[in-house]
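Supplied in structure tokens, the structure appears directly below.
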Amino acid sequence: MIRPVLLIALPLFFAFLSPIIGIWSKKGVRYLIIFATALNATLAGILLLEALQKPVFDIIGGFQPPLGIVLMVGPLGAIIAFIINLVAFAISIYNLKVEKEPIVRYSMLYLLLVMGSTGMVLTGDLFNLFVFLEVTSIASYGLAAYNKDKKGYLGAMKYVIIGSIGSTFVLLGIALIYSQLRTLNMLDIAARIGTMDPYVKIMAFTSLFLGFGVEAEMFPLNTWVPDAYDGAPHPISAAFASLPAKAGVFALARVIFTMFSFTNFLWFVVVMGLLTVFFGEIVAYTQKDLKRMLAYSSIGQMGMIIMGLGIGTTLAVEGAFYQMIAHALGKALLFIAAGFLIYAARSGKIEDMKGMARNPLIGIPLLIGALSIMGMPPFAGFYGKFFILMGGFSQGYYAIIALFLAASIVEVAYYARFIKIVFERGNESKVIRPDAATYVPLIILAIIIVVIGVYPKPILTVLQHVGTFIAGGA
Amino acid sequence: MDALTLFGIFVLLPLVGALVSYFGKKYAPIIAVIFTGISGIFLYLWYGNFGSYTIDIGVKLNLTFDITTWFFMLMMNTVIFSSLLFSVSSKLKRAGGFATLMLLGFAGANGVLLARDFLSLYLFWELMSWSIYLLVLRTSGEYARRYLLFGVLSAYLLIMGIGIIYYYTGSFLYADALSGAIPHAIWPWILTFLILGFGIKMAIVPFHVWAPYAYSSEQPFVAFLSGGLSKLGAFGIFMSMYSIAGISLLQSFGTFRGVSLMGYPFALLGAATAFIGTILAIFQDDIRKLLAYSSIGQLGYVMIGLGLGTPLAIGGAMFHAFNHAFFKSLLFLGAGAVIYRTGKYKISEMGGLGYRMPFTFMFVLFAIFALAGIPLTSGFISKWMLYEAAISRKFVIVAPLMLIASVGAYLYSYRILYGVFLGQLKDEDKNVKEAPGPMLAAMFILMVPLVIFSIVPGWILGWINKILVENGIGKLNYTTFSYSSAIGGANMAVFWIAFILLLIFAMLMFMAKKARVVDQYDNYLAGEAPPSVALHAAHNYYKPLRDTWAPLLKHSIDRAYEKFSKFFAGGFYEIKRIYTGNPQDYAAYLGIAFLAFLLVGWWLLW
Amino acid sequence: MNENPLPSIIPDKEWKKIQRMLSKRSLWMIHFCTGCGAMEMPPVMTSRYDMERFGIIPMATPRQADLLLVTGYVATKTLKRIVRVYEQMQDPKYVIAFGSCPINGGIYWDSYNIIKRLDKYIPVDMYIAGCMPRPEAIMDAFLKLMKDIDEGKANGWMRYRKYYDQYRRNQMRIFKRWDE
Amino acid sequence: MVTDWLIHAGLVALYLFLAMVIGLLFMGIARKITARIQNRVGPPIYQNFLDLGKLLAKKTNIKHNWIFDFAPLFGLGGVLLILAYLPMGGYIMLSGQGDLILLLYILAIPALGFALGSGASGNPNAGVGVMRALTLMLSYEMPFLIVILSLMIFYNTASLSVLLQKQMNYLWGIAALPISALAADIALQGMMAEKPFDIPIAPHEIASGPLVEFGGKYLGLLMLYSAGSIVVETSLFVDLFLGGGIVLNPTVYGTLAYFVNYLVWLALIFVVWMIAIFVNAVFPRFRIEQAFKFYWKWPTVIAIAGLVQAYVMSVFLGVVP
Amino acid sequence: MKAEQIFKELGLEFEKLKVKGNTLPRYKAEVKPEKLEEAIIKFKSNGFNHFVALSCIDWIKDEKFELVYHLFSYKEKEDVFLSIFLPRKEPKYKTLRHLFPQIETYEREIHEMFGVEFEGNDRLGEFILEDWDDMPPMRKDFDTVAYAKKKYESVPLIDEGGEKE
């Protein structure tokens, strides 16, 4: 009933509308972002309800499938898009706190980021996927350097180098596929993949896997993550953790399941996922700075999702998607809370934040977020982790699961250390109350996490369609 | 009674209660007491109709309400009811948060007891363990961190066990585990993982390090933690050994004089826990740490009973878990009352409180009788069953350790009695008042079953017998007043009559002219005048014993864990060097990664 | 049971005689060795004279003892301790003072801090003269005390109870503070 | 049914009274023998009766607080309870209804009551005394419990009356397990707190330890308690190792058997008491660390040897008494 | 270093005491009160590190108290007596407990028995005699017999109200 293309067109429209509004009122621009993302979120919600019956196809610009841009929206794509826009809406409320002057350019880049991520998730065409990847990357490069300080530039520069290499690999992959199969539509590729020369097929898969891996923060490719997240302003690092990362992993899932249907290669993906978790959690334990620690922890979580995808059984992939949702919500919450803590303690180091979160308005959402990331029951993170673990067991990956559990004990260790310092009694004098723009998004995200955790039925009915997804469907 | 009412009353009600009591600032404990009271009433009403049901909240939760669950729920409910009743008048800071987390933990505990499939077991187990984490966090972050590490370790050991079962049977139900899909050689792995996972919650020796830390938070919570929640470990081990694996499977590993070779090493572990827990408890000066180590020791007994596996041993373990739930929470509440009134933790700083707080003293004295196993309380019967089980099967390693541990129990229990309640009253405690009403009521509730089941052991032995029969382990022979085993027995009615008659005779001999009551300072100090400061011999009470044990006490398991974690932390800093920080390396990583992927891909083709 | 347990069977006077016989035959003594008399006690206890055959055993605390031995000169400081020990003993209690010092100050007749006559401060049932009496004298004193108890003459504890205020007044003349 | 219950109660009362008398007599004999060893005349044997009479006839009695009364009440009541559960001279009083483990735990009732009372006296000497008593208890309980365990394993029973039966039919404990009997006798020395181990009631060091504040009728009842405990400990050893003095089978000879068995039992406990007294007369007092180290070294090794012997005989050689 | 040499360095005239039997050499020297501390320090640093005793002599006829500080050297095996004279009216001197800790006890005793004031020693006051209410007893002008009669004889006998013994 509503055309998925609206989800992409609207943010574009508002992005270019913001300079005009920016002329007479800076505040208007901020509220514009909130309105835009809210509208987008509701549209994604309606689209999700529709996509539940049958996948929605949408051809843009009248070009026929083999060449034209086609949006293929399955239930999974729809729910990820919905979550992306929901989190974007929550972060946009927190944007009110950003004081840095060129707010117009900030809102444009932010809306482009949202449009890119939503596009990557909804598109059914490989080249279109690449276009949206480029849009997201460029928007993220701009936003990463937004703070105009040394750390900002350093992080953005690293992100640019790694990101661009990644995109070139994606382009290489697309070229190889197009040269062999003459089509760029994912479903066509899936149908004709058999005819490809095996060596070229591996080459294409590796380059695509690597390209999207950069965005999905896989082990050797995620070296830009800590610096980019650290340098970016607080709402942007929250956005980074949830929007482009989820889109990248979804693209990866598309590559693995819809286009190439390998079976004997998947164990390598699991190994890479495990390496990502292992290095992410261990280095996070050593971090003294809060945002770097959260960045490494998000690497760890992404590794777990990649591992879930790699295992390949319906239960594991269901767990992976569940974890995507939980991680997006949880990480956004933690980064917003981190933003407030850094602002309250006026330093990034964890030691200086003694007792900053004792105010229940910030304390309880922080606890809910941390516990959900750690995978504790009534919160969203539990089912994702449990299903991935059980999926791993059902495939017999004992050693890998054992190593993963050891890594997650390390994760619990540094989260508990962080909670200990932040909740310590001691300097009540310096603790300040968070203002509306901070605790409203926190409470929204916390409520969603608890609702999804306590009553997972709606999410699980959506994720029922994982079977068709794995078989290469929408 | 269908699925929703069962799930509603025992799990949803406490969750709702948790939400509601958060906003009742000062009246939160009272609200919490009402909620636990309701579930207690239903527990009493539903004794008869047992059954199993499934709830669908997106994932299927299989719940069963049978005699074993009822027995453990009885313990859990009474202990949390009296703990919350105690906390009504103990003026806790942020009482709202306290009541919420206690009810969350209670909901988790009820869930674990009701669960009959591994998903819901793991779900409620984690819910219970992180609610305890937040309760300990209220006191000190560091202790909470250590507790959470062990809590998560126990959860992940369970996950490993569940995973292996899931790999073979493909389903989470307990019943399916016996469907023959699991090869015989894999069972030891599964049982070891499950028992160690549950054992961490019972603070078995190698994993007991978290207990003294977690037990030094607020006393009402600690009473529930050590009295109620440590019984979940016992329940878990009992379920995994005797209802998931089943007695026949255990026996199939070869038996050593009627006891399965699978269970015997855990009995040895339990004996070591009992011995080490008791010896460490003797030397503690902080009353909370002393009670923590003594609780570890007593749970060692339960582990022995579960390990041995004969009907008498498991019956003894169940009964001892029941007694431990009551007398240990009574002891913690008593200690809480003393701390509430005097604000002191160290035993050597207190003294002579027995004269100022007579009721608290009587309750703690009674709990000490139960702990030491004096026949006046039901504590003796459970210890008797464990000894009979060990001796009748001629276990020459487990039995002496158990006996000497119970003698050790006299030492640290007298240290509490003398250090805190007897001896000379210090000046600053001169006008210490008796504990407030609700506290005394809470303690009284916990004392009643210890007395009743010592006079009429038949009732509780009936319940335990039903548990054993239902799980096909065997039966106990008992009558309402007496119990017996292959090699001995005792009749409690004759004991009580003889004791009361002879006590009356001693009173007659004793009740002559009233004796002149003398002030506490008028005692013989070689003629010297009583000094201004009260002389109290409780400082460094067992110094001679500590000197003889000094060579052994040097190595402590705590420090071993610290060295272990330091070693790993060092390793992490080595790994950190991968993220060098300059982009050229990162770009190089990308190239290397691509090559690696390609080679693996092509290699897979050949 | 210190009243007559069977008033009907045993007449009151008879019961008093039994009580006195009992306390005579088992005198438990506490030995406050203030001065040089302590040396005389070992021969009395050991094999040559052996006071235990009369049922006299040395006890460690005044609560368990009936007989207080003051052996030697009594300084003002020591007197305070002796009075405290004496009051901690339980009736019926007896005091034996060894040597000439408690009688009249002995060789310390002119000393500024030795009390001259113990009898003024606590009731003494038996004095043994001699500048440290020999064990034979001590044994004889014990026998004499046992005969006195039997005849009911050794009632120092009654006198202390009856004239308590006089004793207290004398004591307070010697030392000003009591609780120090 | 009521009449034989009354007779039974009357007999139990008679046995308890006799036990108390024997206990006091044994204390008198002990003092006489110690005196004779020290080459002095020593008090008459009935001296303890006179001491008891004097103590109970004391005019005034000191009391500290209501917990102070626990000591005499639980002390005397507890020791009588133990005596009721201990077969004396073959006459099974209550030990049919309670086994050896119940007896072990009842042994603790008077000790704990006495410890409570002395703790409440407020005198620091008493606190130190009770600490020494408990440490001593931990030390001698190690060999003693291993010995009891070896007996239970060998005779395969935990009930005392059945044990006596088996000793009568088969072999006395001392004949079957001589090593355990030796360890038990060493442990007995500590249990009775006789000289090398009378550390808790050390008159010179801590003014007679827990007894420091007890006088008059309190001390009288505690003297009855210590007399009773002498009979308890010696007759426990006799029942476990010397067949409880059963020479004639009561079912065959009836009351004459009970009379003869009682005399044999008396003689046997006298012998055991004499061993303890001779050791007591010659030994100085150990320090508490020495006592603890001593008991957990040699007697424990001997007890373990006895345990191994019992284990081997009952499990491998299949000797079933 | 030998005692004579130290005396020469200090410029004190000393006399060697003739003592029967005990062959250890003993020297006695009278020192001005202000110079005493410096002399003791000198001796202490040259081997005389054992402070034996501090005693007080009551020269009632010359109206003076004599304080004798007795030092001993283990190396040289020699005894040295350094004595100072204080007026009998209000004898006052500064404390030397910082040189040897045990001096404090001797000073307390001398204060109680002779009434010599030692500034800097805060622990003077009641030491051996309890509840003492008269002049310091060791002074020669203190009449013990009279005091004994006054204090102890005056205590009345317990009058039994005519009951015969």
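Residue numbering begins at 1 within each chain, and the chains themselves are lettered A, B, C, D and E in the order written.
Quick note on the criterion: contacts are C-beta pairs under 8 Å (C-beta built on N, C-alpha and C of every residue); 3 or more make two chains touch, one makes a residue touch a chain.
In this text, all values refer to a predicted model and were calculated from it rather than measured experimentally.
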Worksheet item: Which chains lie in contact with each of subunit C and subunit D?
Response: B
Discussion item. If each hop has to land on a touching chain, what is the smallest number of hops from subunit A to subunit E?
Written reply: 3
Item to complete: Hop across touching chains from subunit A and tell me the fewest hops that reach subunit C.
Response: 2
Worksheet item: Which chain pair shares more contacting C-beta pairs: B-D, or A-B?
Response: B-D
Item to complete: State which chain is most central when centres are taken as means of Cα atoms.
Response: B
Practice prompt. Name the chain whose C-alpha centroid is most distant from the C-alpha centroid of subunit D.
Written response: A
Worksheet, complete the sentence: Cα centre of subunit A to Cα centre of subunit D, whole Å, reads 78
Worksheet entry | Geometric centre distance via CA averages, subunit E-subunit C, whole Å | 40
Discussion item. Can you compute the centre-to-centre distance for subunit B and subunit E, using the mean CA position of each chain? Integer Å is fine.
Written reply: 69
Worksheet item: How many angstrom between the C-alpha centroids of subunit C and subunit B?
Response: 59
Item to complete: Pull out every residue in subunit C that's touching 2 or more other chains.
Response: 1-2, 61, 63, 88, 180
Worksheet item: subunit D: which residues touch two or more other chains?
Response: 56, 60-62, 207, 212-213, 216-217
Worksheet entry | Pairs of chains, among all present, that meet the touch criterion | A-B, B-C, B-D, C-D, C-E
Worksheet item: Inside the complex, what are the residues of subunit C that reach subunit D?
Response: 1-2, 18-19, 22-23, 25-26, 28, 46-48, 50, 52-55, 58-61, 63-64, 66, 88, 90-92
Fill in: subunit B residues within the subunit C interface of the complex
509, 512-513, 522, 524, 527-529
Item to complete: Would you mind writing out the residues of subunit A in touch with subunit B in their complex?
Response: 157-158, 161-162, 165-166, 169, 198-199, 202-203, 205-207, 209-210, 213-214, 220-221, 223-224, 226-227, 264-265, 268, 279, 282-283, 285-286, 367, 371, 374-378, 382-383, 386, 389-390, 392-394, 396, 398, 401-402, 405, 408-410, 412-413, 416-417, 419-421, 423-424, 454-461
Worksheet, complete the sentence: Residue set of subunit D touching subunit B in the complex reads 56, 60-67, 69, 72-77, 80-81, 84-85, 94, 97-102, 105-106, 108-109, 112, 115-116, 119-128, 130-132, 134-135, 137-138, 141-142, 145-146, 149, 152-153, 156-159, 162, 207, 212-213, 216-218, 221, 224, 287-289, 292-293, 307, 311, 314-315
Discussion item. With touch defined as at the start, can you tell me which subunit C residues reach subunit E in the complex?
Written reply: 76-77, 80, 105, 109-117, 119-120, 123, 159, 163, 166-167, 170, 173-177, 180
